[in-house]
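Could you have a look at this structure, given as structure tokens, before my questions?
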Amino acid sequence: MTTLLEEFGRPLRLAIIGGGPESWIGHMHRGAAEFDGMFKVVAGVFSADPARSRDKGRQLGIAADRAYGNVAELCAAERARSDPIDAVAIMTPNDTHYSASAAALDAGFDVICDKPVTITLAEAQDLARRVQAGNRVFCITHAYAAYAMTRYARAVVQDGTVGRLRLVQVEYIQSGLATKLEDGPQNNRLKWILDPQRSGLALVMSAIGCHAQHLACFAADANVSEVSADTAALLPGREVIDYTSANMRFASGARGTFTVTQAAAGGENDIRLRVYGDKGMLDWNHREAGYIRLAMQGEPVRVVTRGDTFLSPELIALGRTPRGHPEGLREAFANLYREAAEDIIARNLGKPRSIAPYPRIEDGVHTMAFIEACVASSSNNGQWTKVLA
Amino acid sequence: MTTLLEEFGRPLRLAIIGGGPESWIGHMHRGAAEFDGMFKVVAGVFSADPARSRDKGRQLGIAADRAYGNVAELCAAERARSDPIDAVAIMTPNDTHYSASAAALDAGFDVICDKPVTITLAEAQDLARRVQAGNRVFCITHAYAAYAMTRYARAVVQDGTVGRLRLVQVEYIQSGLATKLEDGPQNNRLKWILDPQRSGLALVMSAIGCHAQHLACFAADANVSEVSADTAALLPGREVIDYTSANMRFASGARGTFTVTQAAAGGENDIRLRVYGDKGMLDWNHREAGYIRLAMQGEPVRVVTRGDTFLSPELIALGRTPRGHPEGLREAFANLYREAAEDIIARNLGKPRSIAPYPRIEDGVHTMAFIEACVASSSNNGQWTKVLA
Amino acid sequence: MTTLLEEFGRPLRLAIIGGGPESWIGHMHRGAAEFDGMFKVVAGVFSADPARSRDKGRQLGIAADRAYGNVAELCAAERARSDPIDAVAIMTPNDTHYSASAAALDAGFDVICDKPVTITLAEAQDLARRVQAGNRVFCITHAYAAYAMTRYARAVVQDGTVGRLRLVQVEYIQSGLATKLEDGPQNNRLKWILDPQRSGLALVMSAIGCHAQHLACFAADANVSEVSADTAALLPGREVIDYTSANMRFASGARGTFTVTQAAAGGENDIRLRVYGDKGMLDWNHREAGYIRLAMQGEPVRVVTRGDTFLSPELIALGRTPRGHPEGLREAFANLYREAAEDIIARNLGKPRSIAPYPRIEDGVHTMAFIEACVASSSNNGQWTKVLA
Amino acid sequence: MTTLLEEFGRPLRLAIIGGGPESWIGHMHRGAAEFDGMFKVVAGVFSADPARSRDKGRQLGIAADRAYGNVAELCAAERARSDPIDAVAIMTPNDTHYSASAAALDAGFDVICDKPVTITLAEAQDLARRVQAGNRVFCITHAYAAYAMTRYARAVVQDGTVGRLRLVQVEYIQSGLATKLEDGPQNNRLKWILDPQRSGLALVMSAIGCHAQHLACFAADANVSEVSADTAALLPGREVIDYTSANMRFASGARGTFTVTQAAAGGENDIRLRVYGDKGMLDWNHREAGYIRLAMQGEPVRVVTRGDTFLSPELIALGRTPRGHPEGLREAFANLYREAAEDIIARNLGKPRSIAPYPRIEDGVHTMAFIEACVASSSNNGQWTKVLA
């Protein structure tokens, strides 16, 4: 059988915005892009200083003439080439996601963007309009929703196995801001992270909360309609928000709980998702990402694992190694890049667009609306507040 | 060394209110009372029908003349004996706890009472006044706080190991009301449980929420000052509350999350406690009650277990079997009965009262205030609401 | 429905041999005997010094005239009473189990005996003859095989769920002898434990190996036919055996592995049982005694727990508290005492003997043959050696 | 700081033997080789049919003139190029590892070889001589020993933390041969695997047992001196060995247990390593590859994780993502390739050879001696048998 890639005849050409040789997330994106041979990284912006960008690009095997000093330059130069890039992948500081995405979209490129998609709901809505207008692919790398087992969670919600939803619980507990980094030496990354203007409305939401919200909505296959939230800085004297906890309501009447913090001293990086329906419940956590517990009322708990032969072909395809061989975040990232590539190629070939559930700009719009509603509720004595998109 | 029991010269005499031969919680209370030889069960009220009460008492080895048909009769008859009971243990339906406790206290007996201590805050406050006036012992059987490892949690909070508190998380997720029991056959227990007038303001809070709140406050060694809560019936058409989730604030500024439900289809009976300070965090769950994780920032996670030789003598004494031999809820219950007995005997001998942290009437007062605040907040659009005691 | 106990009309009267007030295993036996009201502890031998035995008995509520200085005296005096004991429970040093058991059997009493049943195979065979001749009940307290979930393991082996057995793995890894206790202060218990003449052929086998072997054979419902073993003292200079590892063969051709040690510095008390058939496998460990994993080929792993409603009534009856409430070794012990009592009463009432799978003298005979074969194989360069009974 | 790679000036050029586009292990090797940019895959043998090899190579981006039909041709052609390969990576059927390795070594190439290194001890010894004679790098991809946490195990053995070794336990329990694949349809892979002449002396040892033995010796930093083993086919009528269990002795007197099977119906792919010293013990399993338990006698159990900041720089460098983000087998493989590359480059630059503990030909020699000893012991009634290298 001919694959989409074979039919297209060449890998997609990708530019990387941010994520130089020393960046772990850069290595993650680049490796994920090339994991299945769908993309080839050929260009990028690795520094605002053109010489520095070229030097970093060289270390990554990027030709000198395709390592640019800014996105505008990249877009212009690539559009002028006979072999231009197809897409950009953005992993710069939060407050630049919007402008870089907008520029790339306007230049006719597809976008893979790290979270948070933007700083405001209005910006996300603006990107959504541009994506739609240009018939672009816009993939947000919420990789936690690209593990085979979080996909399984969504599948058994969608097929009715767990029944009508009653409750969704998501949490993301981390120690990334557990100490007063504000009082220590500041590298570039810390500088923008600890600046509320640059990291976003609520730092913890930009950093990890958006992942948690997306995962909950993804698995529940439903958006949040209202929140009653508490946002706070758990460290005395801290100016950025490092904690948010919210009660949630879905349009169906189902309830939800949402708790995220980066101020958990001693904590690791624990994401947990639970979905409760009227027939049974699901329990997944990131430490054991390859497993999920499905407990149906009155039956023994089942522990399902990536690689189980009874899974659907779509789910099995998300794993790359035999059952029982650990995979990690890398494979989840690679799943997103493969899905984005398949959607890009399908469109380019004039075929029906992909229905793969990679996170899209519409998801990003809901995330930003969720964040704004949490902040508003918290400012309004915890009152229930509508999520406006 | 002479023990308090030896000095006192005889076991305390206990009457059981409720909890007949077929009741698992009755077996639990009776076994816990006699576990260390501190109490001897000698009397009781096992039915409102005197003959039936006598018959049940006979199966439990209770003399016919000490199996009564109601509490008033028990109090009167026992006070008239030369060998009266010292204490009563109450495990009747929720709406009778107050009256039975009040009667026993007024008759000069000490009380061990199952939760919830009362139906209203006012009742709990009234009991507190009677306890204080009579210098009585009043022990509420929140056994989850009597495991060696939940006691350890409190110890490392109190001694500063985990530092200044930032966050406390407690949850109790259960399937006890996961199906619409209202539509099935009703036994006596179900009848009063499903009657909001008899089970309390919010069923889930009376049934399990009070345990969760107590455990959180016990471990944090702090009361909740404000809540922003959502109470609901997750089952359509249900009249009783089967779900409560609340954001919490402590006087210190620390935050908390509280989530309880009995509507978790497929769920088991999962209580989890996490306490986060500025130096590290604790993580305990009921399934692995004999273990607790203490994660100090920058250090390897430690898994502490009941029986570890480095624990304090007070904590070691809470275990009854060598390290690595599972204990259960029974031993936790027995710890409470032993502590209550030691306090009773200490007072009776004119010695200083015990400082053992068994749950007391003051804890019950806070629990009822917490429940009332949750209900009020939920009725008031989730707004932050003060906990009034 | 009338229970056996009600039909019999009174609890069985039990004498305790060993296990005074300060002994944790004594507390365990006494509590387990009275747990369900099947036995009442009325007599005992708590010291070879009669006055000391009486004093200890008094602390346990034993009448002065029924606290004896030795087993012979107990047997004689009890036989002469109008209300004699029905049974004895033996928890003295290993080398006295045989003589105490023999004396009790000869006096017409039933026996509950802690492990190891004897020091030699010949002694165990001798006891088996006396048990059979006297139609006595002889229960060995291998409590690990009395958890609901180890009983479940046997059930799904017996009913064919896991298919024809391929492999059985058992291990018991403990730190009880991890340090050179020989070089430290010696209490009475240590003195006999560290004396190979008194603790048995191979200390680790008497202490914990017998439990592991019994559990494996119990779950597999099969005896071991041959072993190839390595016994050793892992601590240099130690005279007693603290380690045994054996390959095993069953008559069916199934294989087995057996590893026990008390020299695991840092270890806890970890018993693990795995049974593999041609359809699936079972995995149980003592830390999570209330759960078992059943993994059927091609299906999701199932985690079964005590209290699951789909279990057989026999298995459900082994639990005493609702699903999700931890139970411990105490309830497992109580299960054995209840089964022994029911067998005693059934015989006394002339009813068919119980088929409950409590460990019997025949199991003890196989255990002693297994131990002797391991020692012989190890002495014979690890060669396969037949288990002679 | 200039890296070795920068100093060398270009990635090493690698040829792949076996492992075409449809092979998961091929994807693993290729991805691992290029993971850190140390290697570039430029040539290969993907089929004995030259046209087919070229077609597969094309899918992998290999130039047509560098996709060969056999190893001899590859060696000859590459030696004649101005830009020849530096190394070959071998992932063909077991019985071809020896000849391919020998040819590559003789042609002056370094070798990365999947396990088992050969079919016989003599072959492995022959390769060792060629490696030494040519001053080559020979890396065997036992990736389980390249997780940060198995490296940590070795580190705390080597630095004395766990003390003098008493016992090492390793097991690898898998369902790869749980059903009678012999009776079903046979693909190419199954055909050679199920042929004892091609898969090796004992299939289970070639497939997974060599991994387990290597991991045990790696962590213990010691070779096995003697074994008493049982090899068997657990499936009736099976001609290949699917089970081996052995007692082990190390030169130091320490004991070991080794159990591997591929016939565990319902099993997954479970590798577990435990190392016991006189101060404490280590416990690691593959499912939770990012964590290890270190239990020191008398102290709380510590759970160490990849990414812990107190780890040595060497161990931290083995992780690629922040603490708490799952990694998998892929990163472990990449660690081996990076270490092999660094050793190759160091030698090429005339620098001291690397001391990184990637598995070398000497380890492969010991593995083959271990396998032969297990088979010999099992054939000799389980008697202790010396491991001859």
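Letters are used for the chains, namely A, B, C and D, taken in the order the chains are written, and counting of residues starts over at 1 for each.
In this text, a contact is a pair of C-beta atoms (placed from the backbone, for glycine too) under 8 Å apart; a residue touches a chain by one contact, two chains touch by 3 or more.
Since the model is a prediction, treat every value here as computed from it, not as a measurement.
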Co-neighbours of chain D and chain A - touch as defined: B, C
Chain whose Cα centroid lies at the greatest distance from that of chain A: C
Euclidean distance of C-alpha centroids - chain B vs chain C, Å: 35
Computed distance of Cα centres, chain D from chain B, in Å: 55
Computed distance of Cα centres, chain B from chain A, in Å: 44
Contacts with 2+ other chains: residues of chain A: 268, 294, 299, 301, 305
Residues of chain D that touch chain B when the two form their complex: 293-294, 298-305, 308-310
Residue numbers on chain B that touch chain A, as the complex places them: 162-163, 166-167, 169, 175, 178-179, 228-230, 232, 234-236, 243, 245-247, 249, 253-255, 257, 259, 261, 263-268, 276-281, 294-297, 299, 301, 377, 381-384
Parts of chain D lying in touch with chain A, wherever the complex brings them together: 24, 27-28, 31, 35, 37, 61, 174, 268-270, 286-290, 305, 320-331
